[in-house]
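These notes open a run of structures that come right after.
What follows is chain A paired twice: with chain B in the first complex and chain C in the second.
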Partner chain A sequence: MTNPADPALASSLSAPASEVPAQQRQSEAPSNPSQPQPQTQPSKESGKPKKEKKEAKPKDTKDAIPATDGAEKLTGAELKKRAKAEKAARRAREKLDREAGGAPAPAGGPAAGGSGAGAGAGQPATPKKGHGQPAGGSGASGDKGRGLPRRPSGQTPGQPSPAEQKKKAEEKNVAVFGHLYGQQRRATVAGAGKEVHPAVLALGLQMRDYVVCGSSARCVATLLAFKRVIEAYTTPLGTSLSRHLTTHLSHQITYLSTCRPLSISQGNAIRALKLAIASIDPSVPEADAKETLCEFIDSFIREKITVADQVVAGSAAQKIQDGDVIVTFAGSSLVKQTLLNAHKQRKKFRVSIIDSRPLFEGKNLARALANAGLDVQYSLMNGISHAIKDATKVFLGAHAMTSNGRLYSRVGTALVAMSAKERAGGVEVPVIVCCETVKFTDRVALDSIVVNEIADADEMVTTQPPQQVTGLPDPAAAAAAAAAESSSENKKKASKTPVPPTNASPLEPNPALKNASSPLKDWRDTPNLQLLNLMYDVTPAEYVDMVVTEMGSLPPSAVPIVHRMSTSL
Partner chain B sequence: MPIAAIEALVLLLTHSPSSTISETLDLLEKSTEHLKNSIPNPIGLSAGTDLFQRYLITTLQRPGQLGPAGDFNAIRAHLLSNGRLFIRRAKESRDKIAAFGRGFVRDGSTVLTNGGSRVVASLLQKAADEKGGPSAVRFRVIYVLSSSRNVESSPGAEPEGMETVRALREKGVPVATIPESAVAYSLGKADMVIVGAEGVVENGGIVSRMGTYQIGLLAKAMSKPFYVVAESHKFVRLYPLGQYDLPIEQRVIDFKTEEEIADEAKQQPQATTTEATSKPVARNSCQSVDFTPPHLISALITDSGVLTPSAVSEELIKIWF
Partner chain C sequence: MPSTSLALTPGLASFLKSLKTNPIDTSIDNLISLLKRRQIRHSRSCATATAYLLLRVISACRTTDAVKLIERVQNVGRRLVAAQPREMVVGNIVRRVLGLIREEAEDDREMDFNLSEAGSESQPQTPRVPDDASDIPSARLDGSAARTSLTSMFSLLSHPEPERLLPGTPSSASPSGRVPGPSKDIRAEVMEGINEIIDELGQVDDQISAYALDHIHSNEIILTHTSSTTVQKFLLKAAAKRRFTVIIAESFPNNHEATHATVSGASANDEESMSTESFQKPLIAMGITVILIPDSAVFALMSRVNKVILGTHSVLANGGLVAAAGTRVIARAAKVHQTPVTVVSGVYKLSPVYPFDFESLIEYGDASKVIGYEDGDLVDQIDVQNPLYDYVPAELVDLYITNLGGHAPSYLYRIVSDHYRKEDIHF
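The block that comes next holds the complex of A and B.
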């Protein structure tokens, strides 16, 4: 905040963007100290997304360097102070975000809010001019104040400018789930902070893109990345490993959680790791300590996940009998292992996979099972009543099991479990959950509203059914279609009869395709339209008959007991 | 049955000269397997043997003088004495249960029960005793007698549970005996259902004599409390998902055509010489069991207290970990 350009910028900003209320300008002003003035103004008014993005990046990197340089020289006490201030700033920013969202006029983006709050420490709305400067008096906090914009600036490319986006987001948030719309998921490693290890950087993006997907996979990947972090770590002078490594890791964790909220298993693993770090004797040499930690990570992965998976798959496979029709939902790795295990035991059974948009996780499962020689039927959620008709057992994967015995898993799981249990006119179908105890949590979930994760709603727009190769003639394409009447006739026929995509694609230089592919494409600009892309739901304990864990098979009511035992061991 | 099995195993250990831990465990495993194979329904038995085995292992793993590092002869002596203690406790548990369960049989109530469970019998007798001997009659019993035994085996034999009926009547408790088909009819007059169990499984359900499941369903439909009386050594590490998921083979539902019956009749004269082969089947069909799921059970009265079905798994986990 010692930047002399600051007050000038603040005043210059106020002139062009006069419709922006003073309060919000305040918070914005100190945030963009190094921003070139001419660029700010047009982007503010026209809302060109690309430009905002571009200018955000150089600013970030510029800011990041002094910030981290400062961090190098900091002593332990200062570090602590800094961390504290950062936390306060983060809270304040979140608060501001919320406030700004509620305000009639759009407030600045998260970047603006963040740094403003960082300097002002929780009172961003005071109309005092340049109030960031006195607050950022000391060198450390000044660095911090400027360092902060790094994080939130990682907005998805191609998004509207912060101001505009905020306004849209407000309209586009489904009210009931309003509390779940946190930060935008990070889309770039830019401004991720120097402390973040490259392995973690990569992992964060992989998790964001669902390349690393699934609770256990994410947990293992995180632990492996942290292992590399620990291997590359050297304790700074004046601190001890057991004290400093935890804060070092928490940088990585914060980064990961901005890419995608952490899963329960990740949280449990991180908690165990931190406990292991804290229990290291400060007198132990660093190399030894690091080795101990790496061993701890390896054994954690082995005991809690790899071997646990084998045990679970083994005991769950025993529940499969000849002639069974197993229904499963989406693509749990543990269910896959179970089914393959049962197949290896030469059990004769059929698998019916139910899948859902937009992730289509069941596709990989279907392919893997079919390649292994199982009899697989694949259908989407729409066909659930049909698929459940001849089912004899339902196997489900889990994201987490809560302490009241409820299953927290991929959205749609509850529907599958309910269909199995409430099947009309049939015998009850047992619902079996395969879950390692590392996924148990002491949280309690009563519904899927309070705790959940909202994914980018654009996922629902872009993943149009790929089967729709022939395309429905929509009004826009009608003119084009009329020109080539004979060909459109063909297409209509083709759309009625199920044609495999490979066959239909040759006659598909279709102009209608592009238009038809995304009727929701402009959903952000369409009034009265909100998209909701939830990730998880909660299945009531009554719908779950059995939870297969590495510690044995349990009724859902025994989850808290086992959780207590497995964490105390 | 579980107690008998444990008794046998303790006897075996007393008489067999084993000098190492693994030898002992191996011997135990082999004889357990032998016991299990020799009877048609090993559920109750396995509860006892598994528990005993588990008990031995945890004792052996315990650090200290009796742990793996200690003198094996000392360990062995300790095991044997503890094994006897175990049996004594198991036998005492029936009295304990009766003490816990007495409170459930209240003045003026009518209890519906079935089968020949000795725990149920002792509970009811205790209740009758407490109420002040033959003259003071405070509760009545509807006893469901299995009809299948009369038909299948020799008609002269008494149905299971007749001794209990007699004993209760001696104590002045009015007892009505009804066939299984009259359960729904009579349940309206009953205030509660108390049944025994062969095994209590991990989800809190019970494996019990054939016919218990339907009583449970009827009791649920009429919203009468359904209590299960079982000793905690009957807890089995088993998780059946339904009637047909039990680890035993039962030929309860046996489809036949006229032709097959004729075939069987033809074979019958040949088989008369080897009568032993046809006998187990007949015995099997009346000793068959069914599974009563936990949601039909109001509470389990055990020697470790009165438990809800979901608490059973907690108890089991406590035993096993």
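The block that comes next holds the complex of A and C.
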């Protein structure tokens, strides 16, 4: 029992070797924790953690002995009490973790949670306690290992309280968007409820990392994951499927929404699924009910997305004529399908893709279209006015269509639509939105500020300058240098060590440049500087001429009517 | 490696250093190649380099004849402009220097004429040769007319032909001995004038920023674009007295690194800009909240923005401007949201050129900034575009602030005509 705890303690007391990488993965790694600092600082700093450990250790060893030989001696009441305390501690920790999110775990947080578990649980040292301890220990060690390089001077007053951290985080929030900074996106699966299905766990992370990105893709992926959840589901005794499955799903949904706020399409699909679950007769056997639900999911995906996409792509492709110059923004899957469809019909047209930082979704679209043999032109936001000059049509994808006819889509869409409508020549370019009705919502939006999603602002920092690729040390030269080096100085291991002081001048600048290339890298520590990474914007309805849906091509004003029709079906 | 290479990087600093030692023709070729290779980029750097070069050219010019000076400067100017036609400030500086020479020459001649006139009054019959007599007064009249007409409406209708005479006719007049050319060296005065232009280039941002408090009120939310030093200084000046918020669009592929550095105060030592500029404080140090956004978020935020302040590359006589790519959509979005757009620009960026073909003003940049080498497979298949500049029509701009004050876009042509002489517009 003590074994799981001890290495953690040992590793946390010594310079943490194995813990730190794990911790760093958890938080966005603060660029190379400089080596000398942890050595000089802990002497001052580690006073507190050490004390904690001193307190913890005797307790642990003391407890471990009765635990190892007398675990069964404990009464049922004691066990229950302990379990309760553990649960409370775990909850507290989870909460703190979530609050801290990807940011450096509030130094006091996990440690306090861990020690809280120790204190709250009193004497016990159960197997679970053993699991709890490393977390606490690693929290402390994490504090030492990665909290320090961030602090410039040695006069840090112990551990900044979570409140302080929170205040600091709030300073980095753009005031106007204060309401949109909820909890930070979940960084790991740690702390997810045990009810959450592995498929959903994986999907959550994929969505967070934009591996699954795009309104329809997220919707389909969610439904497929939920299908697996339902397949794996067994109704607990004493409840009915239609009642319990909904709550079971809502655990999954909560988890997903902590990874990334749910899209409108996801919300619509989930609503439909819940409705289907609720409408299942409790008398239906579980296997049948599950089959019905799986079928429902399949048919939902087929009808609302797969077939709908085909219909939309088909009818939107008809709008493309020979000689057209189509401008599109970012990477809508539906627009891609439309353009490929039109290309298959042997239409001769040119596509101009406008893309934006930080997601660069248009690159994938450009690649797909170019591979299919289309004539593609690619530019970034700065080229809008140039790209739009020869445009004959603008095709846009949608994240959602609001009930007041506005288009809610990837940030930048509004600029493209506006440029199309306010072109210098005075000739307006038709703006066509491709959108399945599953993306229609009864919400309304006037500006892009009330309803929006804020992504991690750090995404804006990591710009990879193109020099980096070319700046890589030439392998041959490096090998030669290494050989020369090893011949002169045999004691050095030439392979990995940051080799020669002589050779350093050509080689060294690259890592230095990598770090120096982003002056924003410590923007969180720079007072008064804020970064804003919006996900969506709202395009006024007057910029949209037509919404192509599977139910036909509509003006934006028809969105609420179609939405009502499609939901009341 | 960087420390040694920085000193050697061809640019404004190295050019100015070499200017003192190199022979004049080498310097001209040097600047031409720097301009062609875009190793001197920013408007101000180009203007400064041109001004110093012309200073050298004039001091090296052995002649004191105004006409020859004008010819020489025109010649050099044409080559410089041809090297980089889109850097319009080069032409602007050449025009101003030409204007200086003409003015000095006219002053000279006028003085002579007045002297001779005064002398001739003593003897009633003027011993002048008829053709000479007809020539000189006409030239004088032209000169004075040109100068007085700068503020009058008459020049609107004046015919440009007679003024063409100026370069040509006095040269035929001078051999006659009437105009005592060598008596006075106008070069010293011209060089003094060029030094004044150079001083102006150095001070222009401070002069513009003096107006900052007239234009920024408390608690404003100001949106700007790129890392223009003029805008930064303007905002800094206001930040000394007012509290406001600045939103900066990062202008991604071409200027984002400089913008990031400006915003965070990490002084990226840009040797293109004058050395003093890198020492300026960042806005955040003045307690101003700075929000950095991607260019795509401009429309989303525009509804909260009170004012858009833009820097520019050059300003055209019609009130339109050529500015960093992306400026146009920002100005357009501001117009849509009824947000005032202010452009800050030194007068030296004002170009008398009225371009009918806006497309010709646009320079395209390095496509690898848009799609990096890691996506090399794409580059073969698709057409990657990276425009460096946008043309922003005058109707999208509400106000220009130059070192002379604030102007409506429709007033700019007056400032142009104050600064450049008509005969120099197409030199």
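General observations
Just so it is clear, the second predicted complex is superposed on the first by the 351 of 569 C-alpha atoms of A that agree within 3 Å, B and C clash if a C-alpha of one lies under 4 Å from a C-alpha of the other, contacts with A are read in each partner's own complex, and residues count from 1 in each chain.
Definition applied: a residue touches a chain if its C-beta (ideal position, glycine included) is under 8 Å from a C-beta of that chain, and two chains touch if they have at least 3 such contacts.
Here the structure is a predicted model, which is why all the values come from computation and not from measurement.
Once the complexes are laid over each other on chain A, chain B and chain C both fit without any clash. When the two structures are aligned on the shared chain, A:Ser356 is found in touch with chain C, with no touch to chain B.
In the superposed model, A:Asp537 makes contact with chain C only, not with chain B.
By the touch criterion stated above, A:Ser557 is placed in contact with chain B alone, chain C being left untouched.
When the two complexes are overlaid on their common chain A, residue A:Ala387 makes contact with chain C while staying clear of chain B.
Judged by the touch definition given at the top, the superposed model places A:Glu422 against chain C, while chain B stays out of reach. In the superposed pair of complexes, A:Ser379 makes contact with chain C only, with no contact to chain B.
More residues of chain A lie in touch with C than with the remaining chain of the pair chain B and chain C. In the superposition on chain A, A:Leu201 makes contact with neither chain B nor chain C.
Put simply, chain B and chain C get as close as 18 Å, counting only Cα atoms, in the superposed view. Taken together, the chain A residues at the contact with chain B in this complex read 319, 393, 427-428, 430, 432, 545-546, 551-555, 557-558, 561-562, 565. Those residues of chain B that touch chain A in the shared complex are 202-204, 237, 239, 241-242, 245, 294, 310, 313-314, 317, 320-321.
Within the complex, the chain A residues that touch chain C are 174-176, 356-358, 363, 366-367, 370-371, 375-387, 410-412, 414-415, 418-419, 422, 424, 447-449, 452, 460, 463-466, 469-470, 505-506, 508-509, 517-520, 523, 526-534, 536-538.
Listing the residues of chain C that touch chain A in their complex gives 1-2, 250-254, 256-257, 260-261, 263-266, 268, 283-285, 287-301, 303-304, 324-326, 328-329, 332-333, 335-336, 362, 368-375, 377-378, 381-387, 390, 393.
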